[in-house]
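Sharing a structure below in structure tokens format, with a few things to ask.
Chain lettering (A, B, C and D) follows the sequence in which the chains are written, and residue indices restart at 1 in each chain.
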């Protein structure tokens, strides 16, 4: 209905008023906080060992010898995360697909999967370090687990919740198994799978930092953060935490843009 | 024993690492693991660090294809036990308490030599009226449990007529200890020299140090090898021990003191702190590698401590665990049998070679 | 009057409509209840064989029986019960604080465009920092102790509840809001008869997410900066190189996670009885 | 009596800004609904008929011209007007009874009277016995009748119907058309209905406002001078239908 869409456009006058104002409003509170932070640390209202002045934090990654480790750390973390993430979504996707298309597999695997999924990821760390050591292998396995679980879950659910109409059409058309899979099942589960990938990416990043933080060997943002704490360098800790948030945010934004480009057609996002 | 990497990591790691080496005398790669810290790639202290930096070990294996791999774990004891268990470490240098825990849980290691003692400090919040260990009665003390520092804490209490029940011991890792002291949620803490920067930041004062408390209260550890490695590669094991003894000699020679301290400072602990840690004592005494009566007595004490604390579930046969022949051989060949003092069980008397 | 009698019995759709692979015949004859147990049975068997045959060192993988024995030991010594009680109390109180505050803030954010404009973006940015990142700051502010646990768990619950509550409110169909306007519903009626019930499904998925985040945060804080609780018990098991304790902890954590999730599902079903069973 | 109220739409225009372009939705709409009348607006999609209803109910108050209710300009929703939407828009989490009671939410009637009024109106739309049912348990026609009860329970002077039967099947629809007539007479309420079904409009109305799109404007007003017992096949009925269709398609 034309007049409905028009009235909807009208219902959001903020969008028309220009994004500039919203942006400034959004940034007002953080800006005020930074000013308070700066004032508090300079005027000695708080212990400056604990709350380092903001400008010092901003300069640490450039001027400080230890702080410059950050750049290598980010590179190492991102590469490590990509490796684990790739393994995780491939394995998780395959498992989800298996459970989604085969009742036989679903009945056999899904209960165990659900049970194992209830074990919080961090609880895996002591086991993984015992099995794979504190090196790269354990970290990548941990990241892959972090990414794999949501991926498998969403793929499975996406396939399970396919509207009955689609499957009936496929049945009437007597599609071959391969066509059914590639042209009906997977495409219609795609929105759910995309959400799975999104969650997998966020989890993989948290998993990366967590693994680096808890398994002490090698470079990475998590190791950087842990070492900053080890040496009681609050400036480095703050930089580490900000980096962790920022990288997560950037990854998420990139992925969303990527997903949006990949599937412009399916508008019905679940969840 | 079938090595873990062949089973668990078969596809990933096996290629080129073990497998074919049975006939050869030397392994393709030797993994060293130690406790370390520092930004980026962590770095270690004690004998390993000097052996690595001075190229002593490379010299031992010059002309062979053996690759040397040094890894320093910020996760300390447990991480090193895990590395030894799953084949990511062949030689390890770490504190006795996790060392014993590993062995008591069936980790097949052999003790090759000592890497010397670790000074341990007690610090207390500046705003509290705590001047000595005796004042800790009723206080909350942080220590990382199941470490040699935990052992030293109980030793210190004991020496001052206190028991565990007179204080509250909180199990905290180093960074949490710093934060907890700064936030005032604990009163005191025990640690190695890494804890001293806190004093320089004005948060705590030092109330005790094993430098004053006598040799028996000082922390200690061992350099171990996995049993399978030394059985399979006795030749390589001997070369490693030779290298470690040579590194020990370098550390012990007074003219190298400054250089050695600089090497250790790469681990992220500031040079000034390390210099202070070892001030007033010759490094030769401090880093004595010998398995002598004193060392054995210390180890027995630590085993007893672990049983009391229920850190281990079964007893440890120290004699079966030791493998001193590589060290003896190296000392003899290098003519270093009298370089380090041989200590009596109580650590008080020293004698020349027996 | 034909349509008068039409109370439509919602046909429950068989969600297994079309299957790619048909199971081998002997499998399909297996009692349906046994089949889901096959995989765990195979894993357990492989595990047992691997340990008895000595393929894996017991320090790496203790026998299943050893894990069970450890579980029993820990239960008998009271280690499990005391640690569990501590952990559960932390979860419950942290969750109550965080989710409660989250609903209030989420409703505020959802109904007030001004609040959304000023605080929304910052909140969403801050929400990106996982509990692990908060830990160093929170330790500095609150020190090590119970307060830290409550704060970090409450924070972990707060974020998803706020996001989902605000999102749920923002996603309320405009048609319903127009009804509220056209019939000039009072403020109370709007909140309790429209906004809360309409946002409920999403609020509830926020709450479920919150509980799992709380559980994660609890383990993170217990494993990294605590001296009691199930997470600490596992770290301690790692320190003592006793993988059986670690595995026992994992089993315990899995069971609790399962029970909590199932409980919430049931609660949600009760709260949403106006929704047909198929959702 | 209730049906004293007249609705004057005087030269009403409405413009939306869409992508910085002015889009005329309504232009110079001008007609009157007399007290007690049943008036229909017919027109193709996009002629702005739903927008006009939104203006009258008061969901949207930005327009040019005047919409006068007994001579007073409308500036928001009020107790004197009520609406039934095309989709029933019952709240799925409330029972029929609770949904109908929403219509009384803004009134200051005492609780006892409210309950009675709700019951009466559920009776009126013949849903007695379904008070405790949830919307998902009702058929489309029943749900729409519940929506009518909700709209009438506060005894509005004017009832606005936005294609109220548009989503129903033809049998239910015919049945509900008679029901609407019955309710209209019983309640003696003024009704303004938007529909795109010409036959429905001729069947129910006293007067039909025919609109044409882009911009939405009045193509003509057709008074239906048939008695209230209308036969769809009668010649007079067909003639009126033809006139409306002609205006729509000219």
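Operating definition for what follows: contacts are C-beta pairs under 8 Å (C-beta built on N, C-alpha and C of every residue); 3 or more make two chains touch, one makes a residue touch a chain.
As the structure is a prediction and not an experimental result, all values here were calculated from the model.
Peer 1: Enumerate, in label order, the chains that touch chain A and chain B alike.
Peer 2: Where chain A and chain B share a partner, that partner set is C.
Peer 1: By mean C-alpha coordinates, which chain is most distant from chain B?
Peer 2: It is D.
Peer 1: Suppose each chain is reduced to the average of its Cα coordinates; what separation in Å results between chain A and chain D?
Peer 2: Spacing between the chain centres: roughly 50 Å.
Peer 1: Rounded to the nearest whole Å, what is the centre-to-centre distance of chain B and chain D, using the mean of the C-alpha atoms as each centre?
Peer 2: 87
Peer 1: Quick one: report the Å distance separating chain B from chain C, using the average Cα coordinate of each chain.
Peer 2: Measuring from centre to centre gives 42 Å for this pair.
Peer 1: Hunt down the residues of chain C that sit against at least two other chains at once, touch-wise.
Peer 2: 59-60, 136, 140, 224, 238
Peer 1: For chain B, write out the residues touching at least two other chains, lowest number first.
Peer 2: Answer for chain B, listing residues that touch two or more other chains: 8, 78, 82, 85-86, 175, 179, 182.
Peer 1: Quick check: in the complex, which residue numbers of chain C touch chain B?
Peer 2: Going by the criterion above, the answer is residues 54-60, 136, 139-145, 224-225, 227, 232, 236, 238-242.
Peer 1: Report the residues of chain B in contact with chain C in the complex, numbered from low to high.
Peer 2: These residues of chain B touch chain C: 1-2, 4, 7-8, 77-78, 81-82, 85-86, 98, 101-102, 105-107, 142, 145-146, 170-173, 175-176, 179-180, 182-186, 311-313.
Peer 1: Which of the residues in chain C end up touching chain A in this complex?
Peer 2: 13, 15-23, 27, 32, 35-36, 38-40, 43, 59-61, 113, 117-122, 125-126, 128-130, 132-134, 136-137, 140, 174, 205, 212, 215-216, 219-220, 223-224, 231, 234-235, 237-238, 243, 246-247, 249-250, 253-258, 261
Peer 1: Per the contact definition, I'd like the list of chain A residues that touch chain C in the complex.
Peer 2: Interface residues on the chain A side: 8, 11, 14, 22, 25-30, 50, 101-105, 107-112, 114-116, 118-127, 129-131, 160-161, 164, 167-168, 170-171, 177, 180-181, 206, 209-210, 213-214, 225, 229, 234, 237, 240-241, 244-245, 248-249, 252, 271.
Peer 1: Could you list, by residue number, the parts of chain B that touch chain A in their complex?
Peer 2: Residues 8-9, 12-13, 37-42, 71-76, 78-79, 82-83, 85-88, 174-175, 178-179, 182, 194, 197-198, 201, 203, 268 of chain B touch chain A in their complex.
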